[in-house]
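Heads up, the thing below is written out as structure tokens.
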């Protein structure tokens, strides 16, 4: 689905990432770790075309990112669900409308999506927050709303950047179960996190591969977890 | 062209969903509304000023009547000859339309208020008058004077409506000033609407980034903003235009004075002219917002 | 008062640190700059228009000379008597300053161009002319005519400069129009600067929130913004004013025409007048930004 | 230093917190936990005067919050260092200037503060980011910059809302050591977190009290940690 071939990236001057090759096959489950500032978010941005590699090539669903035009990027994003580290919303729309935003934006908003939305909001524990405005949410609630928004289009690939940074342990288990469930349905999942407990908990339920960014490159973490 | 038309129709119909993504109000929107209203109001005034100046120029120009008189004083024996040579001369002068010697009756009529109807014009050394009417270009008075002096020493050119010329010139300068103001105000409106649209888009940078992240195409995002700002500008300009027209209607009429300064108002079909202002403002807003949206979107991945 | 003064001095000196907390540029700042420049430019034009109209009115008014003539045609035997009674009547007419019968020499001079210097005025039935000069209020021509008819049937009132009256009225309307424009433009400037300041503060809501959170007092935050916007408005208005004055200097001179329309420009001390515009604009910006800052800050904890 | 007496708070309608009484004595170390959306952030906001209680009374440094005017609140904030959950910066100023912002804002910026700033930036691992702009920081770097900004005025009380939500385990240990060090110097510290591992690690070094928000009120968590 997503292929990185000898990818390098630098914001300016020194390379932040070099020599990264990876294939995200359908139905796989990946964790991405590494110290703060190692380049996890940067790596994910390369995977959903928010950044273009400064070296090597990235193919998303078979298309070379550097050759995609802006509309192609927009269409591609409807097939990739992304939870951003600093989740942002349209502050003048209710939480439910924000979660359903990808539907309206891609012209797929139909009344029968309502049940889908309901169920999803229930999964992430936001039943009571349908009509709240995003600035009225707590930190954890924002993250969960962002996750729900990433999942509403039922994307083929889910990329989540620290989706449990602000939620308690039980809630993070609940969110993890949701992602594992989706993975079982054939979705590709990649979660960037520094919470080793979460990775350990996941390993009990799913065949997860753990990637680690060290020394500016991607390495498969061993059985040390 | 067809695609363009579809785009405009889509713009007017609007997309319920797309419309909601732009925050409903805020200072930048109010700013756009007010700017276009104020500028439309000023434009209407400048337009009325230009048209009034134009009418003023025309009416002064008409009254100018483009007429002058040549007065020939000569001893009776030379009179006939001088009159004939002056008439010949005038015939050859470029800018003179007709020239005609007044008859004795006409001269008596002219002098009547002074001397009463009993004046024996024929027996007095009354000068002969020649009525000259110019073409619209007019003739060169100085060179005519020189040639008259050579041909008929007793002839005096009297441009009795020349004094209106500066007034006509003044009126046409006033009209020019009006159009310059309209241009200035138009340019200022364009620049301000552009800046207001930019400011609004900058203020909504987060909205645009979020939309782009969840898979909205540039066209979808741009249209939502363009629609909002075009409509706001249109309604603002419409309000300003109507207010301007109302203000003109309420302007005190000058009464008798109107003969000369035909009032700061529109007349007849001219009342349709200000109605061009709102669509023009909307067009400016459309172009400005499209460009601004393209610019902001270009900066996003 | 003293505190107020200190505040103004602090404002002008600025606080290096406080100044940096406002983002250096952005569309709202540019908008403020441009708005004040454009509006100052238009104000200068309107001001010049008003002053020119004022001068026009004055010069037309002066040339009006407030003079008229009464022509008395009567049989020689009644002439003396009628002249005397008309002069008596004029003496009692309110609005008439002086009235004087022309001497035979003066009359001959007037008629000379028509009949040559040899005309025996005394032997012709030439009417007697009376020169009337009005006070600045003028007299009521219609009632004067009625009374003349009763007293001296052969007297005719000739208001030979009456035609300029409507022009003077027109000029004064033009001046009024100029002042109305200035008021309108001034109001629009104020409103736009206010809205631009509001928009800028709204766009900088995050900056304000962060400052408030790290312990900045309202006064510190407000001053940084007020200073920035006041100075921007001041420099924008200054640029607009200078551009407007330069444009006026470059306006083509009307040459001879000037006698009547004394040009769209300032004269003498009037060149100082436009310099009032920038400080006024800055004052508006100061008040507007202070109010806006207070409003935004009030909404924060 | 901070006293809550029978405090209640509700955003609208239902009370979110009720019947909360607490005294933060100088030199104490508190953890605050509770599920996502329980009201941790709300509680902290009550403690630094960003929200006024809808019931009961809050005294900060002896002053009743409801009776403080706006300038008094501003002066009080210079004595309370706060790390917000969604840390925000002035995006047009460099990271170093942002960290030093409380100094400039309170008129205490002097050249001899430079060394202080240097040391602090080193502690939170932002040596190389002096001249970066905040939008160029990674999620964890932002949190650390926010912590540094909260500490620059050497406040008497430190309130931190999920300061380690986005940083890796080693970095969170490092930050915790910094806070413990400050506590030893007599500062009062309160950390809202859902990371139980962090609390456990702290307990080994410092006498920490763990508070838990459940059922809309504050309870002292037992030895179950």
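Going in written order, the chains are labelled A, B, C and D, and every chain counts its residues from 1.
The criterion applied here is as follows: a residue touches a chain if its C-beta (ideal position, glycine included) is under 8 Å from a C-beta of that chain, and two chains touch if they have at least 3 such contacts.
The UniProt protein names, listed by chain, are A, D = Cell division transport system ATP-binding protein; B, C = Cell division transport system permease protein.
Bear in mind the structure is a predicted one, so any value in this text is a computation, not a measurement.
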Whole-Å gap between the CA centroids of chain A and chain D: 29
Between chain C and chain B, distance of the C-alpha-averaged centres to the nearest whole Å: 21
Euclidean distance of C-alpha centroids - chain A vs chain C, Å: 68
Interface hub residues of chain A, defined as touching at least two other chains: none
Multi-partner residues of chain B (each touching 2 or more other chains): none
Chain-level touch network, classified as line, ring, star, complete or other: ring
Interchain contacts (touch definition) - all pairs: A-B, A-D, B-C, C-D
Chain A partner contacts - residues on chain B that touch it in the complex: 17-18, 20-21, 23-24, 206-207, 209-220, 297, 301
Sites on chain A touched by chain B in the complex: 45, 49-51, 70-71, 73-75, 77-78, 82, 84, 88-93, 97, 101-102, 104-106, 109, 149, 153
Footprint of chain C on chain B - complex, ascending: 26-28, 30-31, 34-35, 38-39, 41-42, 45, 49, 56, 71, 73, 113-116, 118-119, 124-127, 156, 166-167, 169-170, 173-174, 177, 181, 184-185, 188, 191-192, 195-196, 198-200, 202-203, 254, 256-257, 259-261, 264
Contact footprint of chain A on chain D as seen in their complex: 11, 33-37, 40-41, 85-86, 125, 136, 138-141, 144, 161-162, 165-171, 194, 196-197
